[in-house]
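Just so it is clear, A, B, C and D label the chains in written order, and each chain counts residues from 1 on its own.
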Amino acid sequence: MLTFTPPGGIEESILDRLNSGEVVIGDGGFVFALEKRGYVKAGPWTPEAAVEHPEAVRQLHREFLRAGSNVMQTFTFYASDDKLENRGNYVAEKISGRKVNEAACDIAREVAGEGDALVAGGVSQTPSYLSCKSESEVKTIFRKQLEVFTSKNVDFLIAEYFEHVEEAQWAVQVLKESGKPVAATLCIGPTGDLNGVSPGDCAVKLGKAGADIVGVNCHFDPMTCLKTVKLMKEGLEAAKMKVHLMIQPLAYHTPDCGHQGFIDLPEFPFALEPRVLSRWDVHKYAREAYNLGVRYIGGCCGFEPYHIRAIAEELAPERGFLPQASEKHGSWGSGLDMHTKPWVRARARKEYWEKLSPASGRPFCPSLSHPDSWGVTKGHADLLQQKEATSEEQLKQLFTKQKEKCCV
Amino acid sequence: MLTFTPPGGIEESILDRLNSGEVVIGDGGFVFALEKRGYVKAGPWTPEAAVEHPEAVRQLHREFLRAGSNVMQTFTFYASDDKLENRGNYVAEKISGRKVNEAACDIAREVAGEGDALVAGGVSQTPSYLSCKSESEVKTIFRKQLEVFTSKNVDFLIAEYFEHVEEAQWAVQVLKESGKPVAATLCIGPTGDLNGVSPGDCAVKLGKAGADIVGVNCHFDPMTCLKTVKLMKEGLEAAKMKVHLMIQPLAYHTPDCGHQGFIDLPEFPFALEPRVLSRWDVHKYAREAYNLGVRYIGGCCGFEPYHIRAIAEELAPERGFLPQASEKHGSWGSGLDMHTKPWVRARARKEYWEKLSPASGRPFCPSLSHPDSWGVTKGHADLLQQKEATSEEQLKQLFTKQKEKCCV
Amino acid sequence: MLTFTPPGGIEESILDRLNSGEVVIGDGGFVFALEKRGYVKAGPWTPEAAVEHPEAVRQLHREFLRAGSNVMQTFTFYASDDKLENRGNYVAEKISGRKVNEAACDIAREVAGEGDALVAGGVSQTPSYLSCKSESEVKTIFRKQLEVFTSKNVDFLIAEYFEHVEEAQWAVQVLKESGKPVAATLCIGPTGDLNGVSPGDCAVKLGKAGADIVGVNCHFDPMTCLKTVKLMKEGLEAAKMKVHLMIQPLAYHTPDCGHQGFIDLPEFPFALEPRVLSRWDVHKYAREAYNLGVRYIGGCCGFEPYHIRAIAEELAPERGFLPQASEKHGSWGSGLDMHTKPWVRARARKEYWEKLSPASGRPFCPSLSHPDSWGVTKGHADLLQQKEATSEEQLKQLFTKQKEKCCV
Amino acid sequence: MLTFTPPGGIEESILDRLNSGEVVIGDGGFVFALEKRGYVKAGPWTPEAAVEHPEAVRQLHREFLRAGSNVMQTFTFYASDDKLENRGNYVAEKISGRKVNEAACDIAREVAGEGDALVAGGVSQTPSYLSCKSESEVKTIFRKQLEVFTSKNVDFLIAEYFEHVEEAQWAVQVLKESGKPVAATLCIGPTGDLNGVSPGDCAVKLGKAGADIVGVNCHFDPMTCLKTVKLMKEGLEAAKMKVHLMIQPLAYHTPDCGHQGFIDLPEFPFALEPRVLSRWDVHKYAREAYNLGVRYIGGCCGFEPYHIRAIAEELAPERGFLPQASEKHGSWGSGLDMHTKPWVRARARKEYWEKLSPASGRPFCPSLSHPDSWGVTKGHADLLQQKEATSEEQLKQLFTKQKEKCCV
């Protein structure tokens, strides 16, 4: 019988854990979960929620902790100063980027103290890079967030969600200035980064930049991310580099994604529901990630606490314990033995859920979509970032462009 | 420009509001949301979370409030004493049903005070009725919960989730003893209750039992529930009865459900993801409910805060204001005008989302499922409730039965 | 071991056969099969092929005969004089309707002589009726075809494909003037004819008009047609009338059809491929039709020879013999035991095919369509028939109308 | 206005035509079409139909001719002596392989004379090769068919349906002994032949063996075959070889096929209906094949006469004429302008059909299937060919093996 208490204490560092072969479970997707809860705006993915509604951010951290997460990542996605100023946001003016980052650190540390978790400070890709600013300008942006993370003494650092490995290398180089362990994940698929650098080459570049852990996050479903990480692993092995592997995929099925991932899907971001992974999909993902040799296993957009719990339950035999949230859950549906209806009690077994192909309930909808592919990349006028909100005129031009390109 | 502040105060009663034609927005589904957050167990749907993790229940109430709910329904679903004792639960012994109900009332009242919401005490169908106990025994069960609701002075009462109108009538009769307004919803579809009483007849019976508001909740998707409520409305009109209408459907597409609703679907309760309503599905539902003359409009299992917000946004023109949570949301995707990618900014319009048929991302899965239909009803041995947990032997018999009946 | 020779001779009449409880297998769909083979034009469904390409019509008759059909129905669908003149056809002028009907009779009789089959002369609904001509005018139209059938001495007569029972009654009354047995089928679903007459009432009306056999053909899939015939059967039983039942459904899955059937589906008539029944679907249909008490079992549009063979194979135990075409087919895939690949040999069993849910191979397509519903019925200007081909201007108006009504 | 008469006569050879850049339209799939018509058995794909039912084979040839085919390929697929003896067939004994091949030649020549078509004698892969017989033994097999083709003076020769390029090379070498033009097609996908030889290398090998035309047939859908032919083209260009390209894909959508093609799909061969190409799918295919530079464009299994007609209609502007069968068809549905229902007349336009995503009408079925992959290749015991019919015991072993491997 597995217990609900992890064997080790919370003292070990992320690298001690990974070096000893321990599984580290990441957390899930803050911006999508908080958007659904009413605290975050899709588009700017407003990290100021940490200041405006700390109770909501805290509660989500706590749920991931109870579900088995060993890492409380600060809710600082898109919280660089240049991003906070972007497209009409009021944060830089009314709150300040520093305060947003500080509040996020404080919440993460508070909840980490409630269980066996480390705090990781996170940075992500910047509008400065996309708008072709210089290396030193971009690094300055990262350095401002790092100052907060250092002063708040986070346990390690994560550079995540980079579409261009070059920017990720810059981020890693800045984060390494702190002396703390650094993880770096790209939001790329098996075809590589937006400049066409292959996953294997990306992994090697990140390792050479100083990353202790490399991998992917966001943009693709677990099966696609596993392929990408496998390519990274092969690249690292070919270069004879020892770097830990990390994976934090979407909780959406995206077999139809092209090079740029789920953002191009017509359903992004407000009609992705039918693609959401079931907990059984997550079981399969966790097992395959483990078998591939990945030991930092988590999730990104779409991952809710119950998805993280499924990772922890799948890997409970290896880890020797279950997460707190499993007190209200039986692995593989076993908790249904208490259901009123006998035919639901009959579903209280692994074989049932493993074989089930869930119906969409949507007979007028297709299985796959054609992703948008406007063929624009870094440097194109349509991609330049601006401080002002998009104007009515700019929007109308986009609407017309869209109608020309597709049928909706 | 709509404001985020409702015009009226919080003084008016539920009947004053409905009598004046005002829209009252219900809340969403607690048991499914809290199961995903790690606090509730599927099957017994453990309401003791209100005692064990009040912060989680409070936060969900708050999210519904911010999303536009005007009713904080106490989290007392399946919190009758006979249910809490059922199938091996420890609550009656360790906590007491009274404490569970009291804690739920306190949390609901606390959050209601943060905005424009009333508190409703809720009762639901009992194992006593399903196990053929007498009218007086069943009524005693309801009366114990009512005592708490009275002492905590809730604003009104809801009898919900009844598969047999007879039990709902008994519940209404008990609740009316308090002198407070009473709403009653059945979890039935257009074919009527499990004894075959038609929706129209059910509505009339509930009205005659004293219900001020009648309708349906749970078990079926919005389109099916609208059909059922339409039949109820016609029944009431034929009987020349003035009773308000209420609707709280599932947030799952269930076009393939039979008589007993989504519990019979093979995906229940752990693989319903592909069926989840998008916010745009909810817009359509809210408009059709309003057009049908329903004024108490909410949700049940699967409804997350963003679904409730969609009701409030769709009906904002009629109500004159938007919910707090819309500060981080633009109606019909308009907030995407701040997205980095130009092709996502092009989705910032109603026409786009209204026409989109979202893909499931699951090309190996069907659109519809065959519901289980074991053909057992109240009184059948398989449906008798027991205090002990289901034994291994009982489960094995059910597994065998299931394999004989279907292919999974 | 079943033989390939039917036990009885070809002397018995259709009514002798049905009265003795024998199964009579109808034929399949000529217009759709010949359209795919290049001899018939969709729209007017040009029956002049019997004159222009007798070898093609003869070969299709022969294939149905070999597949097990006991009826060679003359290829005279839409071969009434008013229809042949319709919308720019040249037949009335260059060939004459009489010659078309005569050629069809000759071919049917020739092939019937090659096996155990009767010849049935067929009439179908007329543009005269749809254009509101009088009963006597419409009857004159039918009488002209009957004259040919009488002179060619067909074995019995079929009035088929009527959307309005009234016109079918007129047809039956005319056909009965010959003294030959008469079968009558409507192309209606469970909701009744286009005037809203229920299937039960339709059946009784046809029986009273003199039909010896009544049922449905075309417009709906087998499952829907079975429902309609069941309603007809109940109507006849309630009226204590003894009339034989007949069923000739589409070979297309049409779960999404409304009142008017598959013509309203967006895929009609040139993109119905994904809906085509497999032979295993036909097995199920044949068994259910037999169990319902229907003894005249055939097919309509979409039914190819192998579909008819599936009826004959399913009912071979009852009939005591297999059709000629089964010499090159093993029931339930047993012939695959000779396939090269071992995994295909493993499919040589009933259980395999019975359980298989065939994939569409079309992940960008939905399962169901919204049928067109322009809400026009008999008498509406858009439905008036004309002799001239539709003009460019008329077409443009229709295209515009269509774009307003739907998304394609 | 295009005529229905081709400009040139029938004198030109296949190479004259291709050298002049003319489009040559192949025919469709005989074995699947004749199986559905009741003359061919799935598995051995019994070519003896040419002797037993010449009228059926002749009629199908004629339909392809009328649809636009410029090649009447002798119905000699799987008509090598070793194949005819295989697994319990009676042909070698009762009819003789020579007679089967002669009859097929006579029919093809007769129908070719009715229009503008050449006669091609065809050979295909042999059980001798799969059972590891020697090169000289396998070549002897091909030579016996070639003797008939030579004596019947066919216009050119086709070696088709080879899974291993080595066997195809042997076939080409034998066929070239006749001095006639030789075409060679493999049934491979973009991943190459069953020994892993890439499409580019395969094309070069076939060219070096003497093939004047190379390409692919069968096993994959048009989109996949186009990819393979593109790779062949690139291989030939890299090797600076001038060889004509040919393509004859399936008329089934097979996006889910693996290395070995549609035979591994669970639906093969009796439940492929939902995958059948519409004529509009064929239009797209014909255009893309033409744009790729392929000039010998036809079909394989599943291609019915109307599919071939769609090739001829799509390329009519380039060719300057329409096929005979278009007299009963309007390109892109224009013939519907004569339909009774106005909403069907509104479908008489290219834009309508081009944009339509046809529904499957099968809401309980998935879009894709998992192909069987037993992992056996040439040389494995399960693949050895035998003269006797598969025994009951052998079948049972296969059924058990299948159940272990998948869920059906």
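Rule of thumb we're sticking to: a residue touches a chain if its C-beta (ideal position, glycine included) is under 8 Å from a C-beta of that chain, and two chains touch if they have at least 3 such contacts.
Per UniProt, the chains are A, B, C, D = Betaine-homocysteine methyltransferase.
The shown structure was predicted, so the numbers you read here are calculated from the model rather than taken from an experiment.
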Which chains are in contact with both chain A and chain C? B, D
Farthest chain relative to chain C (centres taken as mean CA coordinates): A
Computed distance of Cα centres, chain D from chain B, in Å: 58
Indicate the whole-number Å distance between the mean C-alpha point of chain A and the mean C-alpha point of chain D. 48
Distance from the mean Cα position of chain D to that of chain C, given in whole angstrom: 32
At which residue positions does chain D touch at least two other chains? 256, 355, 357, 363-369, 407
Once you draw an edge for every pair of touching chains, what topology comes out, line, ring, star, complete or other? complete
Residues of chain C that touch chain A when the two form their complex: 256, 363-370, 407
Provide the residue numbers of chain A that touch chain B in the complex, in ascending order. 35-44, 46, 49, 55-56, 59, 62-63, 66-67, 86-89, 127, 130, 221, 252-256, 263-280, 304-306, 309, 324-325, 328-330, 333, 335-349, 352-353, 355-369, 372, 374, 376, 382-383, 385, 389-390, 394-395, 398-399, 401-402, 408
